[in-house]
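Please go over the structures that come below.
Both complexes below contain chain A, partnered by chain B and then by chain C.
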Partner chain A sequence: MSAVSPWRGELRAQAALFVRAARTNFAYKPAMLLGMATVGLGYAVPMLVWKQIYAQPRVHLPVPASQLFPYLLLAAALNFCSSMGVEWRVGQRIRLGLIATDLLRPVDFQLTQLAQALADVWLNTVMVLPFVGLSYLLWGRAALPHDAVAFAGFCASSLLALLIQFAVAFIFVQTAFITLSNYGIFVARAALQLTFSGVSAPLALFPPLLRGVAQRLPFCHTIYTPVSIYLGSISGRALVEALAIQAAWALGLLVLGRALLRLSLRYLDIQGG
Partner chain B sequence: MTFKSVLCEQLAKSYVRRLRQPGLLGAVRGLFHTDEEVVPAVRELSFSIERGERVGLIGENGAGKSTTLKMLTGILMPTGGRLEVLGLDPWRQRRQLAARIGVVFGQRPQLLWDIPVRETFTLLKTMYRIESKLFEATYSEAVKRLELEPLLGVAVRKLSLGQRMRCDLAASLLHAPEIAFLDEPTIGLDVSVKEQVREFVVEMQRRFGTTLVLTTHDLKDITETCDRLLLLDRGMLLFDGSLRDFEKRFATERRILLELEKPAAEGTAAELTRALEPLGGVVVECRGHRVVVSYQRDGAAPALTQCLLSRLSVSDIVLEKADIDSMVASIYRRSATLESGAA
Partner chain C sequence: MARENWRIYLQAYTASLQAKLEYRVDFLVSVATSMMMQAAALSLLWIVLGAVPMLAGWSPPQVLFLFGMTAICLGGSELFFNQIWTLPQAIVMGDLDRLLTYPVRALPFYLVTRPELHAFGNLLTGAAYVVGSLCWLHAAWYVWLGVPLFWLCGMLTYTSVLVWFASLSFRFIGPQLSSMMIGHNLLQATRYPLSTYPRFVRAVLLFIFPFGTFHYLPASVLFGKGAPLVALAAAPVATIVCLLLAQKAWDRGLKRYESTGS
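Then we have the complex of A and B:
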């Protein structure tokens, strides 16, 4: 083994894994094109629904249409970018016992999964870019970041959002050690994400009780917080606070996921050759 | 400080098996209550392996071979006993151990499915932090001996089983591990690939002094690559020793096979039985041109052969010792008989 410091060695290995995983994702061109078509549909349908709602006479919503549409576009884009195959990938490997081969590598299992998840994000970002471009054509200045600070805050917030999204999925997938199935886990996590992240509507449109619940869960920090920062709805001191809360969630959930993995591996059960 | 490659004392592993009830109603009931049973997979296993030893681990399906290997490599946590591999606790120090061992699971591919073989190898170089000089040496040796050159640019998912296994084996030994754990490395392979795999394993072991622990159902893997045998039966160690000791202990039955010039006359079997019995021989078969006599006593062959030649017109004669396959098969049979007797 070469005399590289453990951390540098780990990072190099994870970077190499990221590159390979990203290349693998791009290798499946038909799936990529299908993914792009899905993004388009995911964009278009909610737009049309909300357009219909706003077109009704005597409808007064707390968020004006000029703010809502850019929000929904960005929320859909961010949601798609941060879709990671963690549950599918890890769950499948636990179910089939292939996790045995992952555990035999001299690298950190959680970081390895993060590297692969980021490779998914990279592919998703490439796929979503044309649609983001389209949104600028449709909504003009309203779809641009509020100001330079908002853009910088959005970048930092999106990075933290990805960590939260990954950490939540990583925690959920631990249940596959018991259930040996990844389908239910994915559905459960996706449902919570859809309900509480603010991808379907800004939290301001939620009923007060549901909004209260959403604000106390990590999901809203994966979509609502970064998009609100981008559009300038969260700024100044509130922006710093929002980033700090996101960082706390990310760190706490990553540490919890690590602890759960250690516990789960005690009960790992791989029978057969 | 010197330490053994592997040291395990009273090692045990039990699984909890959920018992599912049959039918749709059973599935619904299972939502609320599931019966469980504890299945011991490995029981009080004690052995040690010195550096550079070549050890074969054999046993019937479900004997606990793979479970033992998974504990030795740190994947599974033992439920009892003490285990040290290269001075480390495999389960607690799994990542440190992983850098020093190489593992092949014949039934679980380790290569990255969607990228070419060459890229997996270079990824492993980074992952295992293999120095370029060592990598060049192990890589070129593997490519040459396992004939991997035409496969290097092919995505793993497009390889045949034999090709994949050769690549898997190369991948597991690129970092010249101190111990190689090979779990059924020749499963499903044709004879020529098996031969190639065995030759490569022996060569790498000789070159790097790697400790070799191999499980298999093909006992030729053992005779050609190992010099020590551990025989497991229902999670317990039934035999631990050299192949020579194993033969001494279990290859008790030997046979004399005769090909006659003319078919054996009626009454030959009875006559031979009477003549051979005092010499320790038993007529196993006497039909047509063929006579088979078995014996167990050391040094009985000359007298038995002389007796047979004086009574029969023999065109050919062969002395046969039980091979390792039949020895192991007879041990399994004996063990199963004892179990059913006890039941």
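Then we have the complex of A and C:
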């Protein structure tokens, strides 16, 4: 029997977990379809509001309608793709004390959660593809990537955006060590994401005060940055800088999440019985 | 008997609320975060009204009134009838068995036995928006008087629609909440004036899921948007119809309930 390197073993375990989690997600098909309808409805509202605004006479906004609507649809698609059940899953395990078993397993806890989160992303991506297809039907070229570089940049940026989303959720879920309900954790992150990510409008349309705050937080790098790269609004040197900033946020937040978990575990009580 | 039932609902509700309030950190976190969520929703309005002075002919305080009414109806439903959100799970787990043996009507008893603490955040924020908008608009006294009635109607209409969707769980068994989120998202859509939306969406929000009746229609009358006075009656009528349909949906669903084996 050949010895397997610890890294390879870890990777294999995480890959197996990803496949299992993805299969579980796809098992509930009616829920999946209803979920699609619900999500479509949720994202349609800001679009209809903006449609009404752009239909008004003498409206001159910094973003033309031909750019705004593809932006909104892609932002909604990306936001949905990157929604993960991290708070719910980890929060539940902390609450039930199952985290003790997880921590005894010979795999990294944060990476395990990341593998499961990526399975969520996989399911969401499949669900969102029809909507992205719809954007091409509605807006044609305007919904296509600006050029090949923009598309490559978008892929890299989306990956970093996923890591940031996961890392933020992992930090927020540490609150589950002191609360009974996961609701607050989920809602707090969702509220910040909704306000500062640029999912309802590109940052150029934000009032200056809100834009200033948004640019200093990681949330805009989960939606605004990748979508702007895709549409060519961020290109050249700015693209490289944007990717570097995203990578720095992802790394910093992942490390912070690990440190917080270590700290939280010191105060963890698990009931026996 | 009916009086006795009310006493039991009240006792069950009070006991559940007391149990929830035991968790003080949860209470504070829930209230703070639900207020954050309402503020987040308002951020889009801030962005929108920064771009144009009016939204479909509605001024900022008028839209703020719609936001506030939506928030207090949501908060009221969460505070008094939140247990409906757990129905899909309860069906899967067979948890309704015990409920069905109680000598009270199952639906109201089920609804009132799990208040949610984040409701206070939605109620507080919504009330602040409503009071702020009415002061801003220098609203007449009768507008202030109408608000509690429309709040009650909105809360009951929203809860009824949730019961319709939740009752689907008796048929499509699974621990999913997606169907109820449709009701929730439709309510949230009415934070903006319905005149913002295409005619089809407007019709859905007035006649099928009548969330537009408890704030948009009254506001259209009271803020002089040209709606006839009779539109004020739409909210109580829609509430009664929705409540009756909710009871019907629950009864039909319950006939399918099979509990679980072990």
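Rule of thumb we're sticking to: the second predicted complex is superposed on the first by the 269 of 273 C-alpha atoms of A that agree within 3 Å, B and C clash if a C-alpha of one lies under 4 Å from a C-alpha of the other, contacts with A are read in each partner's own complex, and residues count from 1 in each chain.
Methods note: a residue touches a chain if its C-beta (ideal position, glycine included) is under 8 Å from a C-beta of that chain, and two chains touch if they have at least 3 such contacts.
Model, not experiment: these values are computed from the prediction.
K.L.:
Going by the contact rule set out at the top, does A:Q52 touch chain B (first), chain C (second), both, or neither?
P.N.:
second
K.L.:
Should A:L104 be classified as contacting the first partner (chain B), the second (chain C), both, or neither?
P.N.:
first
K.L.:
Which partner does A:G42 reach: the first (chain B), the second (chain C), both, or neither?
P.N.:
In the superposed model, A:G42 contacts chain C only, not chain B.
K.L.:
I'd like to know which partner A:R266 touches here: chain B for first, chain C for second, both or neither.
P.N.:
The answer is first: A:R266 touches chain B but not chain C.
K.L.:
Once chain A of both complexes is superposed, is A:Q92 in touch with chain B (first), chain C (second), both, or neither?
P.N.:
In the superposition, A:Q92 contacts neither chain B nor chain C.
K.L.:
Report the partner of chain A that touches more of its residues: chain B or chain C.
P.N.:
After superposition, C is the partner touching more of chain A.
K.L.:
Of the partners chain B and chain C, which touch A:R20 in the superposed model: first, second, both, neither?
P.N.:
In the superposed model, A:R20 contacts chain B only, not chain C.
K.L.:
Just to be sure I read the superposition right, which of the two partners does A:L210 touch: chain B = first, chain C = second, or both, or neither?
P.N.:
second
K.L.:
Between chain B (first) and chain C (second), which, if any, makes contact with A:R12: first, second, both or neither?
P.N.:
First partner only, chain B.
K.L.:
Just which bits of chain A does chain B share with chain C as contact spots?
P.N.:
Common interface on chain A, chain B vs chain C: 28.
K.L.:
Once bound in the complex, which stretches of chain A touch chain C?
P.N.:
Residue positions touching the partner: 28, 30-31, 34-35, 37-38, 41-42, 45-46, 48-50, 52-53, 56, 59, 61, 175, 178-181, 183-185, 187-188, 190-192, 194-195, 200-201, 205-207, 210.
K.L.:
Using the touch rule from the top, collect the residues of chain B that touch chain A in their complex.
P.N.:
15-16, 41, 66-67, 70, 73-77, 94-96, 98-99, 101, 103, 105-110, 112, 114-115, 119, 122-123, 126-131, 155, 175, 183-184, 187
K.L.:
Please name which positions on chain A make contact with chain B in the complex.
P.N.:
Answer in residue numbers: 1-2, 4, 9, 12-13, 16-17, 20, 23-24, 27-28, 97-98, 100-101, 103-108, 265-266, 268-273.
K.L.:
So in the complex, which bits of chain C are touching chain A?
P.N.:
My answer: residues 23, 25-26, 29-30, 32-34, 36-37, 39-41, 43-44, 46-48, 50-52, 55-56, 116-118, 172, 174, 176, 178-179, 181-182, 185-186, 188-189, 192, 196-198, 201.
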